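One structure is given below, represented as structure tokens, and several questions about it will come after.
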Amino acid sequence: MSESIYKFIELVGTSEKSWEDAVASVVKKASETLRDLRIAEVLTLDAKIEKGNILLYRAKVKLSFKFQNE
Amino acid sequence: MSESIYKFIELVGTSEKSWEDAVASVVKKASETLRDLRIAEVLTLDAKIEKGNILLYRAKVKLSFKFQNE
Amino acid sequence: MSESIYKFIELVGTSEKSWEDAVASVVKKASETLRDLRIAEVLTLDAKIEKGNILLYRAKVKLSFKFQNE
Amino acid sequence: MSESIYKFIELVGTSEKSWEDAVASVVKKASETLRDLRIAEVLTLDAKIEKGNILLYRAKVKLSFKFQNE
Amino acid sequence: MSESIYKFIELVGTSEKSWEDAVASVVKKASETLRDLRIAEVLTLDAKIEKGNILLYRAKVKLSFKFQNE
Amino acid sequence: MSESIYKFIELVGTSEKSWEDAVASVVKKASETLRDLRIAEVLTLDAKIEKGNILLYRAKVKLSFKFQNE
Amino acid sequence: MSESIYKFIELVGTSEKSWEDAVASVVKKASETLRDLRIAEVLTLDAKIEKGNILLYRAKVKLSFKFQNE
Amino acid sequence: MSESIYKFIELVGTSEKSWEDAVASVVKKASETLRDLRIAEVLTLDAKIEKGNILLYRAKVKLSFKFQNE
Amino acid sequence: MSESIYKFIELVGTSEKSWEDAVASVVKKASETLRDLRIAEVLTLDAKIEKGNILLYRAKVKLSFKFQNE
Amino acid sequence: MSESIYKFIELVGTSEKSWEDAVASVVKKASETLRDLRIAEVLTLDAKIEKGNILLYRAKVKLSFKFQNE
Amino acid sequence: MSESIYKFIELVGTSEKSWEDAVASVVKKASETLRDLRIAEVLTLDAKIEKGNILLYRAKVKLSFKFQNE
Amino acid sequence: MSESIYKFIELVGTSEKSWEDAVASVVKKASETLRDLRIAEVLTLDAKIEKGNILLYRAKVKLSFKFQNE
């Protein structure tokens, strides 16, 4: 068990619906190429505004996954 | 392009439904008097509690908009 | 009015639906034994991932309530 | 109740007596033009020194008040 | 000497006079039920405002005391 | 001397040359309408990139100036 | 799985040997009365000094464990 | 004017009366040997407790003064 | 528009002239292999010293660019 | 000398013995594929607990190494 | 090699030209009396303003140098 | 008792064995010239790496000791 090394990367994703959905989109995209994704920590949340309405919810997350020889 | 100056202000808004909705209410209200709102960054999120239930979702945001001679 | 003393504790709760729901579950559970819960401040948000999907939304909150002789 | 939007501003005030007095002077001055002041959070405290004595106590505070169309 | 374990809790107290007095009221109340209080670190200071005057000084403190089997 | 109250605002300015120039442009613009500007503290520095070159230097500053009845 | 609520507490422990040992002593003591201890996060490390030597290694940790009705 | 170099040091002082007095005692002591003290910024405030009462108010400050060849 | 996912990496670059130049050198080097670089946020600035002169200006930046399957 | 660009990554490693050993395991693993590792800064330390004992020491580190075209 | 002990001090310097120059002036002055200066880390940057123009660039730096018996 | 003034300085020490040993080396060296050393708080821990192994453990500490007229 003491052998596992995990790596962290920072990504930002967006959604027109909610921050939960913005995080889900990042996780989905990242899981196509990264193995054993474990946790997505929220670093920052913001929203892009257009004409008094929220256009996009954005979530910057730190993702952890199993470190491989790159 | 290098001419634009943006200003930031901090506001807190509330909603009975969600934090997304609390931010949307701040943005809507602020857009009545501030020009060219761009981004609402979330600074803090909390919730007011009454009898074991969440009464209000509150979001404190930093809003950026075009700086005018005030 | 100057007599009230409030205490803060940190709890983490989870939900399969949203962070709002994760906070609500913490508040509900804590309200069974703590008197006069007032505010739940969000400290951190994250999500557990399984096979490219979000399994659980987690919210770490700081709860304030009336301090009693323990 | 969910309609209220509050705004925050940062001010620094001074007093020759104490930091409590420095905050009181900021609050008094600000209340002349801002409606519904609620809370003054202390951000930083310092003191100006002259010849080994404290000349002025300074308090930088974040004030919250009802947001109006400006 | 290496046997002692100390615990920290966060409390907020208030006073109409000063922040020193707000901390003293927290310490007094907590000492009724907690053994061997040692240090009260100030985490945040703020003030509630009413009609341009300070109504209450509030101090949020972290108290350390001897950890007992609870 | 204990009468002065100062206010802080956050602005971001840009320049194609340097961060010093970005701050100078903010100061110049703000001084058209704000009295007694004193200090511009740098909060963050960044740069917009286009095709491997820096397009714009941006500086987010906190400006202090004499607080007036608004 | 979404039912679990975890609580965090802060404790400081000491050792004459090392910080690892200081944390182990906190964990051992806390486990006598708290159920399902999971993680001990290190918040701060310091050392008490006497006559140019380290007398005690101290570790302040945040412990998480299953939240029970208290 | 651009020639001046200032140095900062951290000191902690105590008082049985108030934090203002604790800072004043630090400033007085430091001014015996350091030239041109300007500002004492408060870094942390705490209080030592004995039998449910505050024994000592402590203030940790950062002092700035003219840098000399040492 | 909600499809874009951006990644952040941290790099440090150096220059004998200025921090602006240190950032430009990082951006230039990174743009050889990373697509759609957008923003370089400055995290820290420092300088290496030799015999009382500045030898190298160093800038640690966080770069954002379009996330690709790696 | 001004040509070198360094990159930073975050990894977490574990050991049953100590935090020093946890960092050494991260460094060893990373050095198999990354060139010119220089510094491992400790970001956080924690420990996994099982039945009142420490099961694993974990260290989250930021590693710097020579940036290559990837 | 494991014998070296380095000390850090905080200084603030100024320049009418740029922040690079403000740091250089601190380094030059400090090098007259301190041995083996290595790194000047920038802590804060600000600017004094007069009549809408920048009068002085100020840089607060942390300098490291070889620790001697003082 | 309220007469004591303590000063803090920052030093970094190294060891080929452990961070505990790096701190001990700083304390030993500093105690040759500074009176009444009390506490060494750990500010940062890192490690220098050579060929995939840890060459040196480094600890940056804040030391407190009795303030004397310098």
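Letters A, B, C, D, E, F, G, H, I, J, K and L name the chains as they come in the text, with residue numbers starting at 1 for each one.
Basically, contacts are C-beta pairs under 8 Å (C-beta built on N, C-alpha and C of every residue); 3 or more make two chains touch, one makes a residue touch a chain.
Quick caveat: nothing in here was measured; it's all calculated off a predicted structure.
In summary, the chains found to touch both chain B and chain C are A.
Distance between chain centres (mean CA atoms), chain D to chain G: 39 Å.
As a whole-number value, the distance joining the C-alpha centres of chain D and chain J reads 45 Å. Touching of two or more other chains is recorded for residues 18-19, 32 of chain E.
Screening every pair of chains for touch gives A-B, A-C, A-I, A-J, B-C, B-D, B-F, C-E, C-G, D-E, D-F, D-H, E-G, E-H, F-I, F-K, G-J, G-L, H-K, H-L, I-J, I-K, J-L, K-L. Against chain A, the residues of chain B that register as touching in their complex are 18-20, 23-24, 27-28, 31-32, 37-42.
By the touch rule above, chain H contacts chain E in their complex via residues 18-19, 44-49, 51-54, 57.
Put simply, chain A touches chain J in their complex at residues 1-8, 64, 67, 69-70. Touching chain B in their complex are the following residues of chain F: 9-16, 25-26, 29-30, 32-34, 56, 60.
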